[in-house]
Structure formats: C-alpha cells, structure tokens
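Each structure below appears as structure tokens.
You will see subunit A twice below: alongside subunit B first, and alongside subunit C after that.
Here is the complex of A and B:
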C-alpha cells in the first residue's frame, strides 16, 4: 500500500507542473497582443530614419482605440498635417494639398512610410494573430539578459503582412523584445527589436524600438514614444472626418 | 583605239536597250536605297542629338556634385541653388538659353489605384525659349505659376482615360525624404517628338514642384544651350569656374558629350545605325555585282563572235568595262537623283513611327525626318560606278580567255 502511494505521488509530481504551469504558443501570443492594446491611448513620439544620407527625424501625435483603430498625425515641418488613419478594415492617408483621401490597398500597402523601414502594411498587422497563424513554441532564449519564449508563426491566411514570423517574448511581461519577419521561402525581410520599455498605468509599454528593412542597405528606423497616456477620453472618433479637421 | 572601244560600248548599250535598262535599273535602285538609308540614319542621329539636348541634358548640364552618384535613390535633397545660379548664368557670354528643371518619379492616384509616371517641374516662360513648347501643346494651355496645374502627355492621358479639366492626385518622395501628395488639374495635353515623354510624363510649374517636393527653392538641374559656334565642353569649363568663384561651391557641370548616359548612348546608337547601313550597303553592292556579271555571262556567243572577228582579249575586257561603266554612271546618277528627291520629300512630311515605337524609352522622335548628307551622297554615286565597273572585269577577263569556238557553243 505504502509503495502504491509513493508511485502515485511521483506520478502526480511529474504531471502537475505540466498541467498547471505550462503555457501554449497561442496563449503567449494572445497575452502579447493583449498588452499592446489599450481601451484608448494618446501619444507623442518621433520616427528617426537613418539611411545613407544621414538621420531624418519626423515627429507625430497618435491616438488609438482598441486593437484596430489608430490615427497618426505628423507634426514635423516637412510632413506637417499629414495623417494616417487605420480603421478595422482600411488604411487612409491624408495630405493637406491633396483634394482626396488616399485609400491604401494592394501593392500600395508595401510602400515605405516616410521613407522609413516601416511599411504601411506593417501598420495593418496586430489583428487576431492566434486565428491567423499556426504558432509553435520553439523553446526559450535570453534576449539582452531577459528570459524569453521563442515562437515561430506561420501564416494560415494571405491577408497578413508577412508569411512567417519568429518572435522572442518576455516570459514575465509578454513584451515582444525581438521579432524577425520572413518570406514564405524563409528569406529574412525585416527585423524589429524593442530597445526600451516603461511601466505606465501598471502596464509595460515598449517606448523605443528599432526596425530594419533587410531589403535595404544601411538603413534603420527608431520609433520612440516620448509621452503616452492610456485609457483616457479622446477627442477623435477614428472616422474619415478626423482626417480633414 | 580606246575612243573606238568607247564608241562601240555606247553603241552596244543603245542596241540592247532592254538589257541596258534592266542592268542600269538594278544599279539605280541600289544607289537610291543606299542614299535614302544614309539619309534616314543621318536624320535619326541628328534627331537624337536634338532630343537629348532639348529634353534630357541640354548642351551643358548643371547638377549637385553628388547627384549622379546617388541618382538611383532619387536624391531630391541634392539640389542646385537656382536663385544664386541664375543670376550668374545671365552674365555668361557663351550661354544662349538656360532652364531649371526638377524631374521626379511619381504615382498618380486614380480611382483607388496607383499608376507610375514621371513629373517635371519647369519654368514655362523660360522653357518657351528653350524648346518649341507651344508647338508641342496639342490642346489646352500651359500651367500658370503658383497654381496647382499640370500638362500631361497625350498618350499618358489617353491610357489613363483623363482629359483637360480632370484632377489627378500625385504622390511622390520629397527632398525631405518623406512622402507628399498634391492634387493637380490637367490644363493641357502635350505631344513631344519623343514617344517616351508622351506616354510617361506630366509637367507642372516649377514653384509648385518645389513646394510639393519640399525643395526649398532649389532645383534638380539646370540645362543650358550655348551660342552658335561655342564648344559645349569649353562653355562647361567656363561656367564651372564662374560659379565656383562666385559661390564657393563646386557643382557637377558637364557638356552633353561628357555625360556617359546621353552621349555614350548616342554614340552606341550611331554605331548600330552604321552597322545596319553597312549591311544594306553590302546587299546593294551584291545586287550591282550580280547584275553586271550576269549580263556578261549571258553574252558569251557575242564574245565568241567578236573574238572570231579578231578582237583581242584585252580589248574585250576594256569593251565590257566601258559598257559597265557607262551603264552604272547613268543608273547610279538616276538612282542617286531619285534617292535625293525621295529624301527631300520625306524630309518635309516625315516618317511616322508613332505606333511602332510607342512605349519605348528611346530618345528618337516618333516622326522621323531624313537628313541628306552631300558627302555621303557623292560617295554613294562613285561607289556604285566603281563597284559596277569593277564587277565587269571578273567575267570579261574569263570570257576573253575562252577560244572563240568554245564561246560560240554558249546558247
């Protein structure tokens, strides 16, 4: 009898950690997506584009609501008044001297935003990634001394910006510290690295990240959020009217 | 003796009119074709040079010193300070005319889709003196300074189903290395001689292009035409020293002959044209040689008779040489004259290649005007005569060696 109890205890000790503490790739991605979405947010930031001609800085103000809606308005002199509106299904550009809104679709989405390493297509990502990708938890690795899950995601649908992604997600905060974006055949297209995070309103937010387009030579884009407020009432309602105020 | 042989040759020519006319016609047609071909090539070369100088490079081109190095990245921020440069150019004696330009790749946003095109920002009042802008304007008017207007290539407008009065939103990369868009109204349609300009380009006022592209008063390039008789290379050097001395800046100032992209292309095209001409030239020579030789080979019975009557081999050779020379002199003269007449006529009405070269990025006009070269025409005449006369020597020498009895067997 005593022998049986010992066997059961050993068996349970092996099973319990797996069932209680293990986490699946889908859950990791779901949590990573969740920490990036706010009810609302208002932020001021800048985009620093480094290329063969030097560093160009563009400043912006942005608003977000939920996972899908965002409005970005450029405030730097060269682009002053230009706006990008993302709704659940569409992406629109507003230019002060253009008499019509430009709806980005198809191959237009692959164009670079302000000559940076970020494409308009990159701004359309981040929807329900769990339903769009086959997610495999590959293992664990340290990124800059931080323990991360390593996951590969292979697209199930053709509507996502990249057919294959590899991401390194913080085991504690679920911040994405590093991501690599590939073609279907495995060619590296883009790299993203989070450089600085801050805790704001009890949530960890990526404040500075570096993106580099591997199809270009000697370029990188640093995206910085200088100031962010989350879950506050907004004066914008993410409609086309917001583009021409 | 020679005079007698020459008279006999002339008599032979007039006796066998049909044979002489056929032989002379073959020589004449070849000479005419060669004269016309040389004229077309002359016209193409001159036309290409004119188009390059007028629409692409000027005779002297001024650009930012680093622009060519980074040209494939569309470095609009590498500008020429137009305001300071234009004041200096006015006082340079070698210069006849000059224009500022900004060429930029753009997307035309039409009903939700983007169409690639090339924009040109230009000062239309200066352009009027630099090129035949009014003649190129097919309909409508030129854009006005300060207004969001454009003129569009007639072929591009047709392809995009646009017309005068329509508005088009243009997107492009700016000198600030960002992007921008502006809506321009089409006020005119143009038809430049170069097909590629009509199917890809739209032109807008310089000040609007500078504003839209955030050029801050700068221009991408200044194209210059020098005065008659002035060597563009020397003019480029003197312009360069004036600008450097007055502004302290070094700009890329080169004559069109020094620009590898334009002059090199033209030289290559010239080589290709001459190769094609040489091919046709050889073909024409073959026709002349073939006709002359056939005429002699067919006259073996006559040669035998002449030999039987006591004419020596050398005399026979000379007789046929005279015949060939006289026929070719007349045939080549008629052929060259016809070639000149055709060239002069086509040189006025032009050869329309619009459909054939539509969409090709080639600096040759879609309507080509052949250009007569006196030197080449004289050369063609003497070449035809010499080739035809020379061609008589081979068969007549052979015929002269044949015994009269042997020759009489030929039917």
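Here is the complex of A and C:
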C-alpha cells in the first residue's frame, strides 16, 4: 500500500506540470517573438541615457522588415545622420561626416551604442529565440499586478548576446514585462522592464522600456517609441544604398 | 584674406534664414595649450595660449531624395595668429530610382584604415605627419562629381570626377582633371573593394629618396588599388596601391616601385572587467622599395611605419587612449595620450599630451635640427586640455 502511494505521487509529480501549464515554454516564446515581428514597421523614438550627471537624449527613426532586417537613423544633434543597418548576419554603421561605411564584426559588436546600456550585440539578437535557447517554463508570477509566465532560457548557440535569460511574459498578450540577463555563471548583468504598452493595428506593442545595467550604479537607459506604424509599404530596402543615404 | 572675411560675413548673415529651413549645428573645441616652440631667433621657449576650432554645419531637411550640407571650419589661431576659415564641405546629392549623384565638396572614403590606408588613392593616407588628437585622423575633402550605382543590396559601383583643388591651382586645364571608379562588394564574409583612379593634377614627382634624380614632371598617374576586410577573431584589413605614370618614361619602373604601398591593420576589443573594455588597433604602412636602413636627413622616406593604439573605455563616458606613429628604422616616434569624459549631452572634457622622440633629423624628434618658422609650431611636446561641445 505504502509503495502504491509513492508510485502514485511520483506519477502525479510528473503529470501535474503538464496539466497546470497547458502551454509549453517554446510556445510562449514563439508567441512572444511573433508579436514583436512585423512584416514591416516605421517608428520614431528616443533613447534616454541617465547617469549621475543627468540625462542624455538621442532621438531616432527606424524601419524594420521581418525578423532580422532593421535600419536605424539617429536624428538628435550630436549624432545626426549616423545609421545602423542590421541584416540577418551583418551589422553596418554609417558615419556621415566621414562618408564611411563600417562593417561590424567580431568584438566590435560588443561596443556600447551611443554610450547607452545597449550594445550593438544586443541589436543583433534574433527574434527566433526558440532555435537559439533551451527554454524551461519555471512557473507563474505577477509583475505589476499582471499574471505572467516565468521562463528561463539557456543559450544553445554562441551568437546570442547573453548566455542566460529569465523572462516574465504576459499570459494574455505575450508581452515581455520583465527580463533579466545573466552571465553563464549566473551573474545578473542587465534588467529590462516594460513600462508602457499600446495597442497598434490590433497588436500590443511595448512603447517604453527601461534597461538598467546591474553592474553600474545610477545608470539606466530608457527606450521610448513615440510613434509607430506597422505593416505598411516602406521606401527603404535595407541596403547599403539606404544606409549611406 | 578679404575673401575669407567676406565668406564668413556671408555665412553669419545667412544664419537666421538658413536656420529656418535647415539643421544647424556647431561643433566647438577649445583647448588651453602649452607647448615647446622657438622664436624668430630659434631660441627654444614654452608658449601658452588657447587654441581651437568651430565647425558650423547647415544640413538640408525635408526632401527625402535630395540632401545638402555646407560646412565651414574656423580654426584659431594659425602660426600667424589669424583665424583660418575653410570651406570644409559644400555639396548637394540627389537620389534617383536607380542611381545617386553627388556634386560639390565632400569626403570620399575609399579603402580601409584609420591612419594608414593605401587604398585611399585620392588623398593618399600614407603620410606619417598626422594629428593624432582627432576622432577622425584623415578628413580631407575635395570638389567632386560622383555617381553611385547600386548592384544588389550590398554592392555598388561608384564613379567620380575630381577637379584640382581651386585654392591651389584655380580652374585649371581639363587635362588636369582626375577621375576614378570603384567596386564595393562582398565575397562570403570578406568585403572586397577594388578601384582605379587617374590622378591628373600636375605634379613634380620627387624620387630623391631612392635615386639621385630629384624632380620629374608627371602629367598623370594611373592609381589602381585593392582593399579587403574580414574577421578572424580580430577584424583585419589590407590595402594595396601603386602609382603608374601615364605615357612612356625611363623612370616608370622607379616610380612604380617608389609608390607601391601596402597597408594592413588589426582591430580587437576585449572586456576588462565588467563595463570596461580595451580596444587594440595596429596598422602598418609598408612601401617596400623605400629605405630599409636609416639615412640621416631623410625623414618620412622609410619603408615601414607603424601605428599602434590602445584605448580603455571606462563605462560609456570615459576614454583613455595612447596612440603613436612609430618609424622603427630610425627609432623615432610621436606618442599622443588622450583622455575624454562625456559629462553632459554633447559636452566632453578632453585632454591630450603629445611628445616626439628621436634624433634632430628623424621623422619625429625632440629637438628638430631644422626649424621653419612659417610651418613649424611645436618642438617636441605639447599639452592640451579643453572642452568639446556640440550644440
């Protein structure tokens, strides 16, 4: 009798997670990635870098196509005309004063983008995380009163910016409300929080997010999208010609 | 001088009108500078003053298919104490469905390299005499007409016509015109750039460093080049070019050998503790047929020059760097250490110290054996501390 109870308990312990989480970690990440990927988008926004001396604001406009292609042009005074072109496997910079195209490879990708807490490598992280990470659904938690799935993701490939991530994903909208980025040894490097979302064209889109570097004190980067249009015809082709224009 | 003042007044008077339709920006750098120099009787003394420059840019806005920029650079003072006003850029570029046209004075970045770039056949980026305090070491501009034709998304063909610099030669003969074409493409993970440039400016070519003949008149040079860039852990790049005189000359082989150059470089970044990074860059310029042995009194004529750079980025705001141009065959060098701190938006505190080491007649020297008051300013050492502000 005693053995029967133990066997039943072991069986239940195996079954319960399956019945409680009727969705798998991979499916959650796939849905979270899907709501971030548009056929096309055109956006205007700003990056606010805050440190102990104040706030530095860089404004930009950006275009995206599919999962991997994006073009970002800075419009603020100090860096006006600087552009970043990302394709599936390449990242290019353009400096208008020097009329120079720079192809980012290797270690150059780890450089900070405009002194922010975002590196060029952060920009190259693909939006197809299911193929890049081992994903484990850890449980559920509330973030700012919103029910979220909690997942840990351990990188299977070396081409992603962080070896380990923990994410809190809205159970209803699949918005990522919070994310933590770790080293391989489990040291917390960065934290991202979504501060504001809006429904645009029937899709929930994160309009404001805060990225704080946990290894620094008194610094944070806030990314704001002031205006975004999705699934519209674009005038850019994500080419070197667009980059150097 | 009158022309320069008139140009400045014209620009300043135009500012309110231009500002209404343009993006106007000013990039100002001012430095407290102490340096070792000589007076008219060649006695060495220490000088102190404020130096700097302001770059005013008027960029067009509005039209998606037309872009224009006019940029003036006001430097104060030159050796005579008079501000120097330069028209750095003045161009309009227009984008058509299948090609792009640029007309005016602008920068052309052919080849790869931060200091040494044998692929830069237009401006010739192989000279050791550069200012290592700038964010951009080579920034020459030229009056050009350019047509760029995309071939797919990551390749293009560019053709240019360059007039001789009017400041030096005025509107010269059509035969003095220079022109070129380059192909920019990718093969696998390697970027390939190859081009040809015919340099039609009148030149008196000096090959005294390798031959007894001093000056040869050359009508024009053919200047082919190739440039490759890739990654093997560090990023790498290599460029090569040569100048071939047009027409037949008994000196052709000598000149080709004299001008054949290869430049190559490596760039790598490592993390130095969390949030700090160290970048390493080394570039080498080799002109293999120039002097491989030290010859007194031949500065700038050696076969090899090296540019090493180490830069420490502390967080995102503070940068410490050491840059140097080394002439290893004569053991002379210029070393520049730099510090910059981005405190506020567009505002940086900056400091540089430059020191030369070598014998009096080397490429770089602490005590120059010959001193030209018209062009020489710093003798051995200078220290600058100042502010850079973009508004």
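Just so it is clear, the second predicted complex is superposed on the first by the 222 of 245 C-alpha atoms of A that agree within 3 Å, B and C clash if a C-alpha of one lies under 4 Å from a C-alpha of the other, contacts with A are read in each partner's own complex, and residues count from 1 in each chain.
Assume a residue touches a chain if its C-beta (ideal position, glycine included) is under 8 Å from a C-beta of that chain, and two chains touch if they have at least 3 such contacts.
Source: prediction; values computed, not measured.
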item	value
Partner chain in contact with A:218 - subunit B first, subunit C second, else both or neither	neither
Partner chain(s) touched by A:93 [first = subunit B, second = subunit C, both, neither]	first
Subunit B versus subunit C as contact partner of A:82, first or second or both or neither	first
Which of subunit B and subunit C A:199 touches, first, second, both or neither	neither
First, second, both or neither for A:49, with subunit B first and subunit C second	both
Contacts of A:238 with subunit B and subunit C, given as first, second, both or neither	second
Residues of subunit A touched, compared between subunit B and subunit C (which is higher)	C
Touched partner set for A:105, first subunit B, second subunit C, both or neither	both
Common interface residues of subunit A - those touching subunit B in one complex and subunit C in the other	49, 51, 53, 56, 78, 97-100, 103, 105-108, 111, 115
Contacting residues of subunit A [partner subunit C, same complex]	49, 51, 53-57, 77-78, 80-81, 90, 97-101, 103, 105-108, 110-112, 115-117, 189, 213, 215-216, 219, 235, 237-241, 245
Subunit B-touching residues of subunit A, taken from the complex the two chains share	49, 51-53, 56, 58, 78-79, 82, 93, 95, 97-100, 102-103, 105-108, 111, 113-115
Residues on subunit C engaged by subunit A in the complex (per definition of touch)	23, 25, 59, 64, 67, 95, 100, 106-109, 136, 139, 148, 150, 152-156, 184, 189, 191, 229-231, 233-235, 267-271, 274-275, 277, 313, 315-317, 342-346, 390-391
Complex contact set, residues of subunit B against subunit A	70, 73, 75, 77, 109, 112-114, 148, 167, 169, 171, 173-174, 176-183, 212, 214
